[in-house]
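Next come two complexes, and both contain subunit A; in the first it sits with subunit B, in the second with subunit C.
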Partner chain A sequence: MIKWWKILSALLIFYTLTWGMLNSVPRLDILNETIRNVYYHVPIWFAMIFQMGYSVVYAIKHLSKNDVQSDIISNQAAQTGLFFSIPGLLTGSMWAKFTWGTWWTFEDPKLNGVAIAMLIYLAYFILRSSIIDELKRARIAAVYNIFAFVMMFVFIMILPRLTDSLHPGNGGNPAFAKYDLDSNMRMVFYPAVIGWVLFSLWILDIKKRLATLSYSKNNEE
Partner chain B sequence: MKNKFYLIIASLLLSMIGHAQTSNGPQMADSFRSEGKIYVVIAVLSIIFTCIVAYLIYIDIKLKKLENK
Partner chain C sequence: MNVALLNQIIKKEFLLEFRQKSTLAGILVYIIATVFISALSFKKILQPAVWNALFWVIFMFIVVNIASKSFMQETKGKGLYNYLYYNPRQFILGKIIYNMLLMATLSLLTFFFYSWFVGSMVQDMGMFLVALLFSSTAFSGVLSLMSAIASKANNNMSLMAILSFPVLMPLILVSIKLSKHAIDGLAWSVSYKYLIILIMLNFVVIALATILFNYLWRE
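This part shows the complex of A and B:
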């Protein structure tokens, strides 16, 4: 009854929640045990970016085929992505407090970039709700979606790499260079990414079906 | 005999270096782990996550019934 990949996502996350707490991790100053957050904080963001990518693919699909279903999926995926950015921001803020010493820092381009990207996507939903005509709304939203995705990509993937960032792999942060190579952590990190991406797809699947159902119900009346 | 003596001294010094490294190294939750209490946390995490997954499955099945109507 339940699709196999949904069960797989639950099993993968279950594995990362248990083994992620028990396996041995590199001993680093400042980070200490919080290095395990890599298993939980980072995959959440992967899921968010995946959902936004899913959303833009269906936006383009809608523009080429003009179908209602693609518009519904595009909208629901953007919602799911925005939802995942909330725990992403909260966990990041928590982690920052105990390693960088502050809840939020404007020194880090990735934090500011993600905040701007979230505002851009909030504008997407405001844009949607402000247009009454169905076809018009779907098409304008799809065009804006492409713009939003490109801006998000620039703000969180490109700009942080051009300047100095506290995030690993963006500016100079030698403390993380070690974990980048640690095969012990990869054994948990990669399953965590796959698990959370599939989990976000599960949530999207439910939201999509619900939206389709309410759409067909509204059109009956 | 003399060699053995040096060997013992060297091994003692080595063990001291080793000890110094563990006490000066970054703090990890070693004692927490050795006391075994970490398993309680893992159990709590597992229960919470299992409940969430069960709830999602429940919603999923309920939705399927609604779709089949």
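This part shows the complex of A and C:
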């Protein structure tokens, strides 16, 4: 059965991809036309954070109920989140090249935060693969997941607010709310966020079903 | 919370450590050797930023090394004994406090040897020691839990490093910032917000470790 929100996500992304290129944007120094990346770069990060949050919620659920299904969802959501970090990084890197003049800079705490977040989730998958017993693996991975998410949250959300950042809204740079006030941009940005988050849920839904099927198949044998 | 029992756990850890003097001596040799190697290879460090970074990298490796031992000695029988006698919250708190004491001492030792061989650049000693103290307590909170996780996953040393390095990152960046301020001799008022973040991180880390250890404990 096709669910309505899947169609909605496809329509929204299609709309933002086309209208995001066509509509008028404020002419700003340095940013110029690259401001359109707000429609793609930012929503992809939102989708990533959403998936990682989803993963933590199910990790907590697993610890309280001890069921296999929550662990499967938690694992798959972490994978989806890591997957979304790649386009997020690439779009961000392109944007940095044309505005800050470099593909990557260590001066910006958000960039470092993202690199660390990717390392944390890679460590999570290595931890998972090194434990054979299913229930034990699920429990230990859930513990690491919760701990790592909190540290990542500190890294991405709290530390950049303290130090200078090249990102808008941090370290004395104007927040995007200022540019967003342009109602033209809002018309694309908000649908883009909803579209990408729904799209990530769609991916998660497919992955979840696959993982559940392979789990029950393995248990039959 | 039973304080007497907590004391007992900490005392037990110390007894075990001092009975087996080879591990403690091993750590000491490890500290001296790493500091000596870096002193020889860098010859003379002129930039404060390099001095600072090198110190924290050395310290991070030492600390991960110490912490990885804290759950590795827990054999199956010992684990059962601990499970019967202590409650998990007290047990992990005991481990954390023990690691805190150990790491704070070893951080001072590392700093001592480091400033002996490489030379000290610190202008505001008080600030530096405060930064060192609070970061070693936070490290012990993170690493005690990571060591417990690694010990459940077949105890390999590389897993400990893989798990703990990314998680330690926010901590180490705040510590580096603070100690850089101390090296430059900036006024304390500049560093307050970092100090507050570091202390808050201490609380967060220790609270999380005590809550989460409960779930690791049961086999």
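In this text, the second predicted complex is superposed on the first by the 215 of 221 C-alpha atoms of A that agree within 3 Å, B and C clash if a C-alpha of one lies under 4 Å from a C-alpha of the other, contacts with A are read in each partner's own complex, and residues count from 1 in each chain.
As a convention for this text, a contact is a pair of C-beta atoms (placed from the backbone, for glycine too) under 8 Å apart; a residue touches a chain by one contact, two chains touch by 3 or more.
Small disclaimer: the values here were computed from a predicted structure and weren't measured.
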item: Partner chain(s) touched by A:R209 [first = subunit B, second = subunit C, both, neither]; value: first
item: Partner chain in contact with A:K6 - subunit B first, subunit C second, else both or neither; value: first
item: First (subunit B), second (subunit C), both or neither touched by A:M151; value: second
item: First, second, both or neither for A:N218, with subunit B first and subunit C second; value: neither
item: First (subunit B), second (subunit C), both or neither touched by A:L159; value: second
item: Touching partner for A:M21 - first (subunit B), second (subunit C), both, neither; value: first
item: Touched partner set for A:L63, first subunit B, second subunit C, both or neither; value: second
item: Shared subunit A contacts, counted only where both subunit B and subunit C touch the same residue; value: none
item: Residue numbers on subunit A that touch subunit C, as the complex places them; value: 63, 109, 112, 116, 119-120, 123, 126-127, 130-131, 136, 139-140, 142-144, 146-148, 150-151, 154-155, 158-159, 162-163
item: Interfacial residue positions of subunit A with respect to subunit B in the complex; value: 1-2, 6, 10, 13-14, 17-18, 21-22, 27-33, 202-203, 205-206, 209-210, 213
item: Complex contact set, residues of subunit C against subunit A; value: 142, 145, 149, 152-154, 156, 159, 162-163, 165-167, 169-170, 173-174, 177, 193-194, 197, 201, 204, 208-209, 212, 215-216, 219
item: Interfacial residue positions of subunit B with respect to subunit A in the complex; value: 25-29, 38, 41-42, 45-46, 49-50, 53, 56-57, 59-61, 63-64, 66-67
